[in-house]
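What follows is one structure encoded as structure tokens, with my remarks underneath.
Chain nomenclature is as follows: A, B and C, assigned in order of appearance, with residue numbering initiated at 1 for each chain independently.
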Amino acid sequence: MSELHTKTLSQMLQDLDNKVYSSVELTQHYLDRIERLDPSINSYITVLRDAALSRAASMDTARSKGSHSPLAGIPIAHKDIICTEGVRTSAGSRMLDNFIAPYNATLVEQLNKAGVVTLGKTNMDEFAMGSSNENSYYGPVHNPWQRDRVPGGSSGGSAASMAARLCAGATGTDTGGSIRQPAAFCGITGLKPTYGRVSRWGVIAYASSLDQAGPMAQTAEDTAHLLQAMAGFDPRDSTSINQPVPNYLAQINAPVAGLRIGLCQEYFDAGLDDNIRAAVMTAAKTLESMGAILSEVSLPNTQQAIPAYYVIAPAECSSNLSRYDGVRFGYRCANPESIEDLYKRSRSEGFGREVKSRIMVGTFALSAGYYEAYYRKAQQIRRLISADFTRAFEQVDYILGPTTPSTAFKLGEKLDDQVAMYLQDIYTISVNLAGLPAISLPAGQSQGLPIGLQLIGRHLDEGGLLKVAHNFQQASDWHLRRPDDNQ
Amino acid sequence: MHDWEVVIGLEIHTQLKTKSKIFSGASTDFGSAPNTQACAIDLGFPGVLPTVNARVYDKAVAFGLGIGAEINLTSVFDRKNYFYPDSPKGYQITQLEHPIVVGGSVDIVLKDGAIKTIQVTRAHLEEDAGKSMHEVYHGQTGIDLNRAGTPLLEIVSEPDMRSAEEAVAYARSIHQLVTYLGVSDGDMSQGSLRCDANVSIRPQGTETLGTRTEIKNVNSFRFLERAINYEVERQISVLESGGTVRQETRLYDSDKDETRPMRSKETATDYRYFPEPDLLPIQITQDYIEAVRLQMPELPAAKTRRFIQEYGLSDVDAQVLVSSVALADYFETVARIGGDAKLAANWVRVELLGQMNRDALTPSAATLNSLPISAKALGTLLARIKDGTISGKIAKTVFAALWQGEATDPDAYITSQGLTQVSDNAELIPIVDDVIANNPQQAAQYRAGKMQLMGFFVGQVMKATGGKANPQQVSDLVQARLLD
Amino acid sequence: MPAITVNQDLVRTIAELSQLNIDAKDIDGYAADMTKVLALVEEMHTVDTVAVVPMSNPTDASQQLRQDEVTEADQRDRYQAIAPETDGGFYLVPRVVD
């Protein structure tokens, strides 16, 4: 019983079906662990104790009556940027600390329909802006592998929670790497779907043309379970892709023999940590031994990705965050003296430093006289980056490389150097600009800290990515490792 | 002292007649309790996204075709960023570089009958803002977002107008066109159509445009005329006293009949336009445009021409009757049933519109469809004049009775009141003879040549018959019997 | 285009457009951060993009249109339950002068 949390989500589904234990027992187990272990991790902002248990009970009842939703009774956590009706949805910010979402995000509705139990809302960098989860109103998240290190961001809470086995799976969002980078730092599997594959309705917007919600879990198979429920066309989201969702679980067992995997030469530059390079090359060789064909590809505009991103994302965010004005919801300053005072003080007191900084960079990039040189230029660069991928995918089926240039750094280490923090996203960011799917999975360790391997796929090839990842996970055990301090 | 030339351009915002808003499925009904028609999207809640109402394209394309403009097959939405409490997202979704309609023109008729063509620069789709109530709460402003998200078509003219009269004529033409097309309900009291006027002056004969001011949100033609006239006088006096006109946004104060500068900062900001990332480019096809064209009703200019040709009406009569679709339809029904277009024109213009005017009714579709006298009833009434059942004079009393609601069916009323005209000679001749016999003096005078006494005799016969004798017949009989 | 050095005036202008208050003691910090970010993005200007069409969105598709029907019911009470200040159905803010 005390080892319930070590099982994979897939295993739990079978066990629940076979009545090895109930959802209530499983949920209670997680709630106890959260109470005991989360104080030193701080992965949850809101824990839904009573609601989770009551929901688990009703899932148990439904199961006993023969109903069988695909994720019935599985306890998961949602990143606190995703609207959950009747529950605080803070986006990690003081601005929304008092915001009780009046509706559910589409992905929440879909996961609910699949039968999940919601344990709570996870911590995150404020408004998804950050790569370390140190920018949260609710305090930093600590990496469960080494508590004095960051879990990555902005989905740091979901990643840490999953790594510490405080949930069976979690949702995150990824705008420049915010699912994949924390997945790498925390030794779990995380997937950013193709832009438009998962509905953005109810996902609080940071950068509209880059944001995408996705699953974070222990294994590729678990990730496939979650993605199956999350994905799908939503007419409420005009950027949602109107294509049927394939059966991911059916796809993951196909073999990798004959698949062409490209190693992007620009990703293996001098800045890459040697241990990470070694782990990634070993992983590549493993896939080769399973029949995949390795080659080299080039994405020549890789160096442009960070500049383009740090214009486009702040620009869109500066506009998306204008609605936070203290008028209809959220934080309002005390005793505003005028409408201008209301806006300025509510926003300045409600937003943290990094958010304000990005809003200002974004406002600048869109302003008269600079729009052409910055925003429009960045959108042109974006087209070039996308074209690089299109060309590369004529040669290969997947692009393989490291997820991050280093393993998890120490809390506080990069707080004073904003640009150094931005450079963490070097391998993940191009993917968002091109709108492609990508997955990060554990592929090694360096001095006790997890190393993530990233695979990038073609438009709508989440199934393929999960297949390669699943195959790799049959031939390796990095994904089974857990932080080992008294858990 | 110069001779000044006035240069005016108008930006007209017209609300599109759709059931739901442009970017959300909330209702666009007017006059509901505050914020009862503001859904999560209209309120700009975290996580919401816009979707696009198909019908706004039907309306915008119809308008574009109506002014002979080019329709952009690809159009894009942009964000216009500014902070104001009636704009909940902190940006308005509008169209900057790729509007749905480009070019086109509208003809206006001036007082002296001359026709002038005003060029339209463009028309684009955007969302309306909410409403701010400054007077209700002391020291505070109340925000109602029911109107936020209502679809607007912003119609921008070239600065082709040279007087307030021309500007008003243009605004009226636009108003008529959009109501004709069913693009807008045209109810200016409800804010369905609002004008911003860009006004500048320059010395007569020069080419360079003077500094212009913008008068915002004028919602009546009368105010538009006054606002422009005031502003022109103001600018002239500024320039003639050696000053310079400041480029600024102004509001028209109808109580004081003057324009004053707007105080809020919203007017002088950098809008940081960029393409709306939550919406994709809209593609429409030529086939779709043709389908819209086929559905378009007859336009005012064409209808006016047809009324003149088909019904033989005068220019003035035609223009009045064509002023609204509902009125034109009403007239045509009356003309068809009555069997006489000129008679119908006369009755509709004089009797009907006169009565409506006295009762402060406007010729909107809603009003015309619910009048006490339907087009069918009026047509029937006129048919009875034509077929001699009643005289024109009696018809007016029937009209009055129907208007008061004393009856709904003219034939039934005529019968029940015994109003049928007497046209039978057997009945009339004895009465005529009687009148002649009772008035020997006048009879003698008439026979002696005083022809104007005909009126006297006819009047006497009418009196004797309680007004029911056929006057023309009486006249013929009197003449015959007097000169017999 | 040479990288821009963000000075205090520019910070103030941008802060005003963004409706943010920046304390006097923080202005230099924001200016320095913004300057560094602009130096970082300067890399973009080394690439020739003269004929390249800007990419607003990774989706190639066109906008789907929605039927003109009223699909939203009145939820004012629920929505205003989380509002900072309302009265009589209105959202209240300090008096706005136009």
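In this section, a residue touches a chain if its C-beta (ideal position, glycine included) is under 8 Å from a C-beta of that chain, and two chains touch if they have at least 3 such contacts.
Predicted, not measured: the structure shown is a model, and the values here were computed from it.
Student: Just grab the chain with the largest centre-to-centre distance to subunit A, centres being mean Cα coordinates.
Tutor: B
Student: Which of the chain pairs holds the record for C-beta pairs in contact?
Tutor: Ranked by C-beta contact count, first place goes to A-C.
Student: Suppose each chain is reduced to the average of its Cα coordinates; what separation in Å results between subunit A and subunit C?
Tutor: 23
Student: Taking each chain's centre as its mean C-alpha position, how far apart are subunit B and subunit C in Å?
Tutor: Measuring from centre to centre gives 41 Å for this pair.
Student: Using CA atom averages as chain centres, what separation in Å is found between subunit A and subunit B?
Tutor: Once rounded, the distance between the two centres reads 57 Å.
Student: Of all residues in subunit A, which are in touch with two or more distinct other chains?
Tutor: In subunit A, 99, 102, 209, 235, 238-239, 318, 322, 325, 327-329, 339-340, 343, 363, 367 touch at least two other chains.
Student: Pull out every residue in subunit B that's touching 2 or more other chains.
Tutor: 40, 43, 45, 51-52, 83, 85, 141, 143, 270, 272, 277, 279-280
Student: Please list all residues of subunit C that touch 2 or more other chains.
Tutor: Expected reply: 17, 19, 56-57, 59, 61, 63-64, 66, 75, 79, 91, 93-96.
Student: Taking the complex as given, what residues does subunit A use to touch subunit B?
Tutor: So the residues of subunit A touching subunit B come out as 82-83, 89, 91, 96, 99, 101-103, 105, 200-205, 207-209, 235-239, 315-316, 318-319, 321-323, 325, 327-329, 339-340, 343, 363, 366-368, 371, 375.
Student: Okay, in this complex, where on subunit B does subunit C touch?
Tutor: Per the touch definition, subunit B meets subunit C at residues 18-20, 24-27, 33-40, 43, 45, 51-55, 57, 83-85, 132-134, 136-137, 139-145, 251, 262-264, 269-270, 272, 275, 277, 279-283.
Student: Any idea which subunit B residues touch subunit A in the complex?
Tutor: The touching residues are 40, 43-52, 79, 81, 83, 85, 88-91, 141, 143, 265, 270, 272-274, 277-280.
Student: Could you please specify the touching residues of subunit C with respect to subunit B in the complex?
Tutor: Its residues touching subunit B are 17, 19, 56-57, 59, 61-72, 74-76, 79-80, 87-98.
Student: In their shared complex, at which residues does subunit A touch subunit C?
Tutor: Of all residues in subunit A, those touching subunit C are 98-100, 102, 195-196, 209, 235, 238-239, 241-242, 301, 303-304, 306-308, 310-311, 318, 322, 325-330, 332, 336-345, 347-348, 351, 356-357, 359-361, 363-364, 367, 373-374, 376-384, 386, 418-419, 422, 433-436.
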